[in-house]
Amino acid sequence: MDRVAQKGWWRKDLLGIQDLSREEIEIILDTAESFKEISTREIKKVPTLRGKTIVHLFYEPSTRTRTSFEIAAKRLSADAVNISVSTSSVVKGETLLDTARNLQAMELDVLVIRHAAAGTPHMLAEVLPASVINAGDGFREHPTQALLDMLTVRERRGTLEGLRLTIVGDIAHSRVARSNIYGFRTMGAKVRVVGPATMIPVGVEELGVEVFYDLKEGIREADVIMMLRIQKERLQGAFFPSEREYARFFGLTLEALKEARPDVLIMHPGPMNRGVEIAPEVADGPYSVILDQVTNGVAVRMAVLYLLTGGARIGVAH
Amino acid sequence: MDRVAQKGWWRKDLLGIQDLSREEIEIILDTAESFKEISTREIKKVPTLRGKTIVHLFYEPSTRTRTSFEIAAKRLSADAVNISVSTSSVVKGETLLDTARNLQAMELDVLVIRHAAAGTPHMLAEVLPASVINAGDGFREHPTQALLDMLTVRERRGTLEGLRLTIVGDIAHSRVARSNIYGFRTMGAKVRVVGPATMIPVGVEELGVEVFYDLKEGIREADVIMMLRIQKERLQGAFFPSEREYARFFGLTLEALKEARPDVLIMHPGPMNRGVEIAPEVADGPYSVILDQVTNGVAVRMAVLYLLTGGARIGVAH
Amino acid sequence: MDRVAQKGWWRKDLLGIQDLSREEIEIILDTAESFKEISTREIKKVPTLRGKTIVHLFYEPSTRTRTSFEIAAKRLSADAVNISVSTSSVVKGETLLDTARNLQAMELDVLVIRHAAAGTPHMLAEVLPASVINAGDGFREHPTQALLDMLTVRERRGTLEGLRLTIVGDIAHSRVARSNIYGFRTMGAKVRVVGPATMIPVGVEELGVEVFYDLKEGIREADVIMMLRIQKERLQGAFFPSEREYARFFGLTLEALKEARPDVLIMHPGPMNRGVEIAPEVADGPYSVILDQVTNGVAVRMAVLYLLTGGARIGVAH
């Protein structure tokens, strides 16, 4: 890990992609790449984070992200503790800050937090000596998702520089979209967003993206298409007339895909609504890298845990 | 473990007892027997499955089975991750297959699954490179339960050959009954089933069992009596008039037990409804091997995890 | 750990403080003190309890206590399994005793149990060969909480002998109060309780405490003030008119605090209702040792796990 150490990662927390420089993103992606091999070994485990305490504090349910973090922690030999909302003393009325301070008092090293309120991880990061990882804060950011997405594209294309990414769906309510806009833009990609007008946030152009309201136009010549999961409760009138209408206008089908480049990469953060935002033939088709995203999720989270706990700074070998 | 290796276990998955040959069942029971000793050590842990990732994906609640699998995994030093329905993204509408493929993409080695739909583990086993263990699929099979039951009887009687097993209760809705019918029959035992007519599945005789509708007749000369847990919601008219009536006709009491052989073994897969299908004096009596079943459950699950992950094939020592 | 071994800890279980002698409490506190250092290391883990199986069986939700126990177990390298009520087969009607016997049959070493019924841990301890730790039984005892409280005060004052402790709140419904009354009294402290008449149990004087119904009088000259968490559902008429009234009469404010000694220690077992039983300025003020309590909780639980599993008796090094 010498190169990483020299590049000098110094952040305590991973709160969002917006703050990260291109060099920082590259450090994480490089580190993740070097960690990928561990998960392919017969014995998928290294002692790197032995004796570190990592708490996953999830105020929103999640299989995928929590499992990915937990597997990442265990493959690094860290001690992982899960706390989910329903069993939490939050219901007893304790403030989030008190909960976090208590965990800190138990000498935790990393707090991985998902919370419906944007900014929660930032608030905790200021107060806690432990590293804080944002695993999703409201509609704001989901940085490890964007990092795994960037790693997936970089693996296939070598670079993100100059690529055209189109993100399709409910941009307004998507932390995945936000984090990816920041990340891909920082890495030199061009980003377009596509969706119904009610799902495009006002002023999104200021993030440096082009806006389209028509799927085929939006994905024309795209190198990468990222379909967002659509919340079915938003397809009941207020944002869009119906699920069927949504699928017809914004669902990615083989037919629509003809507009994109022949070697386009298809991404989806999951969980997928097959037949709504993405047709099964597309999800399972040759250009889909959806399962690569999941594989890279573990590697990215291993890398982030490693970097934040001082792996690079103090030169812990793995 | 040389003998096992030579015998050549080759299956990737454990989906049911129906498919297993007598030799395969014997391999598992022999391996389990050799693992029992580990749980009696001062340090109950071997490094055999270090660095393996085992996911317990339970779509039905379970203390007993999930805990038994988790303890088995930990005693073999595997990394165990629990996913239970209520916190799962299933609620978000992802298909089971997508959930499983995602776990596979995280490089899991073994998926232990319990699901209300019969055949679910089989479907996943076809698609996933990982080993799949059926921890209960609907009313179909619960193979590790039958294996631990067979181990328990074999320990006490030396063989299952020629023994008379009587299974009592709601045969129609019991995966435990089904798996044990397959297993004990394959091992050369004679199997009877006893229950009210509404709880005996049509055509059960084709599985090679004798049917009785009277408890005392059914357990006459039995070497082993296996009481099934009765679902209380089935004792409200549709299947049986009342709990009290059920206990009177099909509950195993000391009085009823007089019909069985004097050295009969009493089994129950748990959790027990004391005073309904089994009288406390019987459950706690001298011929009860109910707690042996639980002890053997850990050993059987260690053996299955070991065999499926290639222990025997690749000769990993433990 | 030689000194501990010589002093001769011999109990199998930790059920309550009421049974403990002064010497026994001192053994636990001394052991905890020696374990505190582990949690401050770069690698916060020792192999002391490797291969031990510890089950946390919680019939009441808890973040704090369960997490503290789980972290303690993991820092000692034990295998920790969590079972919480909602996913438990208790809902299927199995008796608690059967659940516990089943866990025992899986060869568990320590059962940590929280249950709404007072006396539950005692009942289990009589039946199980495994060590039982009471993590809270109804309104009766919560011994590890009192031990961490005593450790926290002893650290600051050197001794509990002769100190004046005032416990404020709903004494009648507090296992924390009960355990602390026993503990501080055994250690030679003077204990006062303060609360509204409806929350002071009849006959509490027989425990050797002085009763006050006025906050300022009760905390006069106190060395230690322990505020209890008030259950908001008890502030709706039956026990007290309203939350606001409670805060006014029994909430610890800077104003009220003037009556106490200038170097008074402020404690709270958490989770806190800020602005109800304790003002934020007091909770976060210079004399608050509330977070020290949390830190000491991990150390005390490590010590208890160590002592009960025979650390001192058999001389396992750590």
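Labels for the chains are A, B and C, by order of writing; each one numbers its residues from 1.
Just so it is clear, a residue touches a chain if its C-beta (ideal position, glycine included) is under 8 Å from a C-beta of that chain, and two chains touch if they have at least 3 such contacts.
In this text, all values refer to a predicted model and were calculated from it rather than measured experimentally.
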Overall pattern in which the protein chains touch one another (line/ring/star/complete/other): complete
Same or different contact residues where chain C meets its copy chain A, judged by the half mark: different
Inter-copy rotation, chain B to chain C, in degrees (Cα atoms; steps of 5): 120
Whole-Å separation of chain centres (CA-atom averages), chain A against chain C: 40
Residue list for chain A, restricted to those that touch at least two other chains: 86
Residue ranges of chain B in contact with chain A within the complex: 50-53, 55, 79, 81, 83, 86-95, 98-99, 101-108
Contact footprint of chain B on chain A as seen in their complex: 39-45, 61-64, 66-68, 70-71, 74-75, 84, 86, 229, 232, 270-274, 291-292, 294-295, 297-298
